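The first chain written gets the first letter, and so on, giving A, B and C; residue counts start at 1 in each chain.
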Amino acid sequence: MTGEQARLPQSQKVSRRSMLVGAAAGVVAPVAVSTLGAGSAAAQGRGKGRPGRTGETHRVTVYAEELPGGLYGYGLEPGKATVPGPVFEIWEGDTLEIELVNNTDRRLSIHPHGVNYDVASDGSPLNDSFNEPGETRTYVWSTSFQSEGPGGFWIPGSAGYWHYHDHALGSDHGTEGIAKGLYGALVVRREGDVVPDRQFTVVFNDMTINNKMAPDVPILEANLGERVEFIAIGHGNNFHTFHLHAHRWADNRTGYLQGPDDPSKVVDNRDLNPGDSFGFQVIAGDGVGPGAWMFHCHVQSHSETGMSGIFLVRNADGSMPDGAQEAIDRYLGHQGGH
Amino acid sequence: MTGEQARLPQSQKVSRRSMLVGAAAGVVAPVAVSTLGAGSAAAQGRGKGRPGRTGETHRVTVYAEELPGGLYGYGLEPGKATVPGPVFEIWEGDTLEIELVNNTDRRLSIHPHGVNYDVASDGSPLNDSFNEPGETRTYVWSTSFQSEGPGGFWIPGSAGYWHYHDHALGSDHGTEGIAKGLYGALVVRREGDVVPDRQFTVVFNDMTINNKMAPDVPILEANLGERVEFIAIGHGNNFHTFHLHAHRWADNRTGYLQGPDDPSKVVDNRDLNPGDSFGFQVIAGDGVGPGAWMFHCHVQSHSETGMSGIFLVRNADGSMPDGAQEAIDRYLGHQGGH
Amino acid sequence: MTGEQARLPQSQKVSRRSMLVGAAAGVVAPVAVSTLGAGSAAAQGRGKGRPGRTGETHRVTVYAEELPGGLYGYGLEPGKATVPGPVFEIWEGDTLEIELVNNTDRRLSIHPHGVNYDVASDGSPLNDSFNEPGETRTYVWSTSFQSEGPGGFWIPGSAGYWHYHDHALGSDHGTEGIAKGLYGALVVRREGDVVPDRQFTVVFNDMTINNKMAPDVPILEANLGERVEFIAIGHGNNFHTFHLHAHRWADNRTGYLQGPDDPSKVVDNRDLNPGDSFGFQVIAGDGVGPGAWMFHCHVQSHSETGMSGIFLVRNADGSMPDGAQEAIDRYLGHQGGH
């Protein structure tokens, strides 16, 4: 994977810089790393069962580092760690080998959800699977296709909106590492799944969003009509509910309905508790128009104390919609009640 | 919608009056407002994809008012505000225009879940969308059919058991307005969905049910064999689990199975956290008989302190089942432990 | 059911004894009680709608007793109560008559989730349905097949991973009885469902797993390739998320996919809140190999304080995998942070 480009533009960071001069220093934006290759899933028919393609193995080096403000992060280059860490995207069937370089003076690890790994790649001190300070260690994550099982039932595959996190910094459970930013998104796509135009990782970690609180949560930006993917992850010690204004999705594997008779519940608010994750795609502003749309934890005391951000849907040509700048200014300046 | 009748009898209020003389003053029952019209969904085949009918626009005036006990409520006539507010029911494809009259001296708004609205109807101070004291403002909620999307997936429609609430009283998040009663149910039915005989809105709002605690939670009543719809909504700062004795439902869009192979989990207990909602229909007493059935939060400390009520399934002829009055008397009189 | 054998070996208890000499005294293991009979569901085609077999009635006597350490338990013989209580397994369509003998000096009851019961078998003091100290009382739990309902929708049947618990000890909600161990798993299988090789009940009850905390949570053991069923139940006053390392399942009725197009979300971490339950089967070590795999609450402060255990996947021949004993030793000895 060396030499691959980050697939998605870091639009939120650039835009935030240009618009949000009041933003805290040290704003970090996730970097998307895709191994999906040139053949877009969207261009192919939706997969049924095992696709014909063979699994590939991708290798990536990840650097764990200290960040300003007492944070820790994972990054794809030395000095480039972010919170959340990079998004890892692979095809179901593929394998990802992560060479984790520990550039900190604390023991730490990387532990994934949803994929396959043996005990040596578990990332848990229980299995002696972690990096000592300064140590480099390789973790291997493989994936399975869904397959027919007993009695006509099927055994689930690895496709899904997953995540990864430290499991060793500060305790055998990685509590300190997670609290301080060692987490990120992991997307395993099934052949036929839809690839988005933009992608955002939103982590409800204790009383923060991506270890930030309003008004410092980075603005998430897209243009009207773009296909935007949200990957939502929960961490820490509190329960949360993720709410996005004016957009909805199906509470299933993809966020889309599998067909017109898919019985899945459609939601615009979903529980997001520690260790859980989900993802979905929306057409930005579909049926509702552009504007500054809130996303926030719907636990009232949590949104009041800062678990709130803005999904800015610009006009189709990228210009600012009427009223959006005023909304952003309110977000940046407003703290009190009425 | 002016001049339309409330579709459902206010049976719980009348019955409670006749039975529960110990009930607190100021008991308020939700008023159901339906725009479904004479053609019952139940009389038609289940819809697949976009139905042939064209969307209609319905207009309703809603009055926000102060209520005794420090509460606020929405109502369909001046002086008739309730907690929860009226149930709004529309067809998927329809539009609802709500003229909100603010008869209070506080700023407030109305913000829906699940449906479409532009920034002007967002109900959020962020988008300058709220009513100043004494102000009247119109909010427009439209709906979408599910439709074929990329890669053979389908984009979800608006049908669902949703809800609405204040987003402006006391803060930019409506925390005080919600805490004091400004919330209600919003049902968007798909052509072919089943219309109930009775309908109840149950809101777990902080440590209350509909801002009441046992033994003041209104009794929910139906006759054996009636089709009863529950709309469950979560609000506030606490996590909850809704449990109904002796009845179960599917945890999907409708609460029914879509067919014999629908994989949905069947439940009689479901998480009900802030901003979340779900609905389902049961045949009252089906397979279990009439009686006083408990519904309660299953978080033990919550049920102990008052998040508990009674779903009274009367005999088919409306008479009281053996033992039910004794159960109700226990509910009304009993507070201590054993 | 008298005279029937417990279907599953008590492997966890025996194994723990042989391995875990440091384990606390009074470790109790659940006893599986099956009424499934000789004709394994796995040997039959998956049921569609109502199967041809007729419902049977099974009778079992259950003894509620005090246990050391201030606990209470249900058991199938006097002096054999356990925490959790026995697993009850029946076919959808069957009826289970439970003769509950209260060998304690406290009032108590047994209340099931998911199945049918009339008010006399409700297990709630509200319905005068409980055992006084020393009293014997029969509770009848019946089940329903799924069936076609209105508009082409289907009404859910009783099949599912359910549970039962006290509803009377200490209060009308059974709060003290549940806190002290009066709970267990109830499995209602549909014709065609898959029967496991091993079965474990994992109850997140307040800040414990089965009223134990690490390192006293019994090791759950299986051999590589065995079909292992987890039944997860939540109780008490806290919210939790159940996470199992290196294995995943579908978040639906069975944990398997109904077929290759089942849209269900695949998970390895799931909310497990009071009154909720779910179940699933995994092939032990499938795609990941044998070893000591963690299962724990993913709420960080909960795993830190003891909501953590080990799912030991032995080699296919039952021998210990490399490194597993070391991992178990770490689990037994390790308490502090790093």
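The rule we apply is simple: a contact is a pair of C-beta atoms (placed from the backbone, for glycine too) under 8 Å apart; a residue touches a chain by one contact, two chains touch by 3 or more.
What you see is a predicted model, and the numbers here were worked out from it, not measured in a lab.
K.L.:
Name the graph shape formed by the protein chains and their touching pairs; answer line, ring, star, complete or other.
P.N.:
Here the contact pattern is complete, since every chain touches every other one.
K.L.:
Given that subunit B and subunit C are copies and touch, would you call their interface same or different according to whether over half of its residue numbers are shared?
P.N.:
Mostly different residues.
K.L.:
Can you grab the rotation angle between subunit A and subunit C? Superpose on CA, round to the nearest 5°.
P.N.:
So the angle, rounded to a multiple of 5, is 120 degrees.
K.L.:
How many angstrom lie between the centres of subunit B and subunit C, each centre taken as the mean Cα position?
P.N.:
Distance between chain centres, rounded to whole Å: 33 Å.
K.L.:
Listing for subunit B: what residues touch at least two other chains?
P.N.:
Residues 239, 250, 254, 257-259, 262, 264, 271 of subunit B touch two or more partner chains.
K.L.:
Using the touch definition from the top, list the residues of subunit B that touch subunit C in their complex.
P.N.:
Answer in residue numbers: 41-42, 44-46, 192-194, 227, 239, 241, 243, 245-246, 248-250, 254, 256-271, 283, 286-289, 291-294, 296, 298-301, 303-304, 308, 310, 321, 323, 326-327, 330-331, 334, 337-338.
K.L.:
Would you pull the subunit C residues touching subunit B in the complex into a rising list?
P.N.:
Listed in rising order, the residues of subunit C that touch subunit B are 48-49, 107, 113-114, 116-119, 122, 124-128, 142, 144, 146, 149-160, 168-176, 178-179, 234-237, 239, 250-254, 257-259, 262, 264, 271, 273-278.
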